[in-house]
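What follows is a set of structures for review.
There are two complexes below, and they share chain A, which is joined by chain B in the first and by chain C in the second.
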Partner chain A sequence: MFEFCTDPASLEGLSWLACYLTTGKHMAFYASFGTVLLLLAVILPTSLLFGFAGASAARSRFWPLSILGKTYSAIVRGVPDIAFFLFFVIALDQAFEYVRHRALCPDWSEPVRQGNDFVVCTAAKLPLSTSPAWMHDAYAFFLAVLTFAIVYGAFAAQVLYGAMRAVPRAQIETAEAYGMSHAQAFWRILVPQMWIYALPGLGNLWMIMVKATPLLFLLGIQDIVYWARDLGGTKQARFTDYPHGDWRMYYFGALLVFYLTLTWVSEKVLDRLTRRLSHGQATAAGEAMRRAGA
Partner chain B sequence: MSCLQTIADYGLRSIGIGERLLPRSDFTLCQQFTLIGSGMIWNIYFGVMALAAGFFLATVLALGKGSRHRIARKPAEWFIFIFRGSPLFIQFFFAYFTFLSLKGVSPVFDPFTAAWLGALIVLFFNTSAYTGEIFHGALKSIPKGDLEAADAYGLSGWARFRRITFPTMLRLAWPAYTNEAIFLFHATTLVFFSGFPAWQQRGDALYYAKFFADKTFNPFVPYPILAFYFILLTLAVIALYGFANRYLNRHLPQEARRRLRIRLNLIR
Partner chain C sequence: MNKLILTAASLALVASTAMAQDVVRMGTEGAYPPWNYLDDDGNIAGFERDLGDELCARAELTCEWVVNDWDSIIPNLVSGNYDTIIAGMSITPERAEVIAFTQEYTPPDPSAYIALTDDVDLAGGVVAAQTGTIQAAFVADQGWTLVEFATPEETISAVRSGEADAVLADKSYLEPIAAEDDGLVLLAREEQIGGGVGMGLRQSDDELRETFDAVIGEMKCDGSLNALIEKWDVASTFGDC
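Right after this comes the complex of A and B.
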């Protein structure tokens, strides 16, 4: 990166470090922090969507739907989330391929599961073996996002279900007295008001998600954990211009600091958000703000 | 090979007793049930040991965080912040590589790079931090009247802590502490997926579940088996903690007793 980096063997001290920290691989390492933040930015809305669907289903008056919604949010309580990650990544992949196999190769006669193999026709492979490398990366990331969304959607469903029940019953009754239908009362009264009740739980969910991002590594994404292991490992002078011993401890120390900063900042932001959303609400905090303002 | 034979061979495989070689092909349902169940030994070992030891450190941390003295408060606050603010997964990696580096300094650190001790220490610190925060919250919400009553009876210092503060703190913290225990057991599945190696393929339940899923390329059998075992474990934890909860609340009138509510407010 810098001009003086052309001959790494002659470098000493700080300039060595400056060159070392700006190698191509380190740039990929820094970019992977972006991957983590991108993942967070994508999974928050998607898992909220899953959670909202789950919570609405759990509230449904149609009992099979309500059972489905409740089971969805209950199952993650009993089983470790990491088991879900490992499960869904393969299961979703196979499900997509199976559906495509059925649609694209109708005259395929052999069974899909042959002993220990899962065989679909070439046209049904995801991504296609002819597609470029970035497609493979994108597909892996897509699967990871979907897995995260399903798992944390269940957590969100739990939170939103509680929040919907926390909105005072009188609010809905008033809506009904004005002649609103069930759907109207849900969308115009319940949904706008539930967020303040959901916020503590959603804040928790956010923290949970932040701390779950290193699990991307288990889903086969080249994330910060992958790079920290790769870059920190002992490097021989024969294979690299920048030989060093086992530095993985320092790399993971840096990751630890990154996550501590992230959670610390999130905590501060959530505090402010709570105060902002409490404004004008029929809760103790909202009442206190009204009194203070008056 | 009959199923009983498989259980005899693989029932204790995860701690190195019985057949050394793992099955290679023609995986039967019985083999999957047995090996994943055998892996549960590790999950239970990590969970029980970390909880048992963590209970005491958590009490100390809670008292430290609630202390009026800076010297006691700051270290407890930092300890709790560091272990609650970062992912357990990263903590495992960091601890493993730190122990690996320390191993070069002194052979004393040899056992620390093995999961049975190294990972246990991380889990112990981690659960202490989470439980410490729960206990601290409970400590702050002890009814003022209870403490005033203790004063009126002339209790102070150790006697007051032993007979009033500590039991009330436990009683208030118990529902949240039950959650913590459940999620700690779930967290034990991370051990063999972080830096800590599974020596001679002696891993925990998830390790064997993944082994089967990778070999058969069929996730629909091993993971539900794992889920089955974990649901059993979760129910056992709830039953045990519920028993303790009833014991802690036995002096209260029926309607004032706090029921255990399992909530998802904790994860690492």
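Right after this comes the complex of A and C.
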């Protein structure tokens, strides 16, 4: 990166460090922090969406829908995360490719399963073998988001289901007394009020999600843990311009600081959100705010 | 008009199929120098990078490199996420039940032990090996105490920290480590385990396997494979073919 980096062997001290920390590999390491933050930014709304759909389905008066919602949250919450992340992703990928295979290659006569192999026609591959590397990365990221959203959506569904039931029944009855339909009462009265009841549970879930991001590594995405492990490992002079011993402690120390900062900021944001949502609510905190204001 | 669109679509399909056939995705671990590792720029380098690029050039294939964790390297191959495994994988009967191998591109070589001192008691101590390797299977078969790690790097740190007494791994991996670290020594004892190292392919992918088989044979005979082996110091060389 810097001009003086052309001959690393002659460098010492700070200039060595400056060159070392700006190698292509380190740049990939720094970029992977962005990947993790992007993943969090995307899975928060998607898992809330999954959770909201699951909770609304579970509350439904149409019983097949209600069973579906309850089964989703019960099964997914019961399966160990690691099993989900190891096997579900491959299964999901194969399911997509199978559907494309049926649609795109109707003339294909060979079976899709041949012994141990899963073989679809070349046109059905996701992404195509000819696609550039970034498409493969983007697809892997998409699978990761979907898996995270399904897993954490199940937990969010349970939290939101509880929150919906926590809204005082009198609020709904009043809405109905004003002549609102079932749907109107749900969207105008129940949904705006449920968030304050859901927040402690959702906040908890968010913290677990932050901690779970290193699972990305299991999904074949080169995330911060992957790079920290690779960069921190012992490097011999034959294979690098910057040989060093086992530095994994420093790299994992940096990850520790990153995650603690992230959770600390999250705590602050959640506190502010709780105060905002309590305003005007029929809860103890909302009542205290009303009195303080009066 | 409809016919025209259909023809155009089928032409595009044929074209993309023909093109797609020519891109072969090569899966490797990227954490096992000198076989395969990531260089300072984050690109895959090592013996297998050089070998793979040469094989693809000779077979007139376009190849792309993919890094995949060792643990899931076989499941992702059979699931079609890449087309070959070229990652220092020894040919064993257990693996051959699941995937197909090309002919070996390095001869069977002994595995070696690395330890803090040269008088460790292997049978009574703890031996570390990477998960899913022939070395791990060997230690388990001996009835010794085995600790497994996901990456080769972790096995070495286990010896440095005293968690394990010795590491059993390919000699070519351990030699540069012992050369640069005064605290670690290679034991005189070596084990002759496993077959040579070959490329792994899906069992249904006969055509590609034959292509690679042919070019590996070609490189064996003209001496270029031996030259690569010596350049990276990964194994012993092949005799005349």
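In the analysis below, the second predicted complex is superposed on the first by the 287 of 294 C-alpha atoms of A that agree within 3 Å, B and C clash if a C-alpha of one lies under 4 Å from a C-alpha of the other, contacts with A are read in each partner's own complex, and residues count from 1 in each chain.
In this text, a contact is a pair of C-beta atoms (placed from the backbone, for glycine too) under 8 Å apart; a residue touches a chain by one contact, two chains touch by 3 or more.
Note that the coordinates shown come from a computational prediction; the quantities given were computed from them, not determined experimentally.
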{"item": "Combined model on chain A where chain B meets chain C, clash or fit", "value": "clash"}
{"item": "Which superposed partner A:86 touches (first chain B, second chain C, both, neither)", "value": "both"}
{"item": "Which superposed partner A:129 touches (first chain B, second chain C, both, neither)", "value": "second"}
{"item": "First (chain B), second (chain C), both or neither touched by A:61", "value": "neither"}
{"item": "Touched partner set for A:118, first chain B, second chain C, both or neither", "value": "both"}
{"item": "Contacts of A:291 with chain B and chain C, given as first, second, both or neither", "value": "neither"}
{"item": "Touched partner set for A:238, first chain B, second chain C, both or neither", "value": "second"}
{"item": "First (chain B), second (chain C), both or neither touched by A:272", "value": "neither"}
{"item": "Chain B versus chain C as contact partner of A:256, first or second or both or neither", "value": "first"}
{"item": "Which of chain B and chain C A:169 touches, first, second, both or neither", "value": "neither"}
{"item": "Chain C-contacting residues of chain A that also contact chain B", "value": "86, 90, 94, 116-118, 217-218, 229, 246, 248"}
{"item": "Of chain B, residues touching chain A in the complex", "value": "25, 27, 81-82, 85-91, 93-94, 97-98, 100-101, 182, 185-187, 189-190, 193, 206, 209-210, 213, 215-220, 223, 226-227, 230-231, 234-235, 262-265, 267-268"}
{"item": "Chain B partner contacts - residues on chain A that touch it in the complex", "value": "75-83, 86-87, 90-91, 94, 113, 116-118, 155, 158, 201, 204, 208, 210-215, 217-218, 225, 228-229, 232, 246, 248-249, 252-253, 255-256, 259-260, 263-264"}
{"item": "Touch list for chain A against partner chain C, complex", "value": "23-25, 27-28, 86, 90, 93-94, 97, 104, 114-123, 125, 128-130, 133, 136, 217-218, 220, 222, 229-230, 233-234, 236-243, 246, 248"}
{"item": "Interfacial residue positions of chain C with respect to chain A in the complex", "value": "13, 16-17, 19-21, 23-25, 30-31, 33-34, 37-43, 45-46, 64, 66-69, 72, 75-76, 78-81, 83, 98-99, 151, 153, 156-157, 160, 176-177, 179-181, 202-205"}
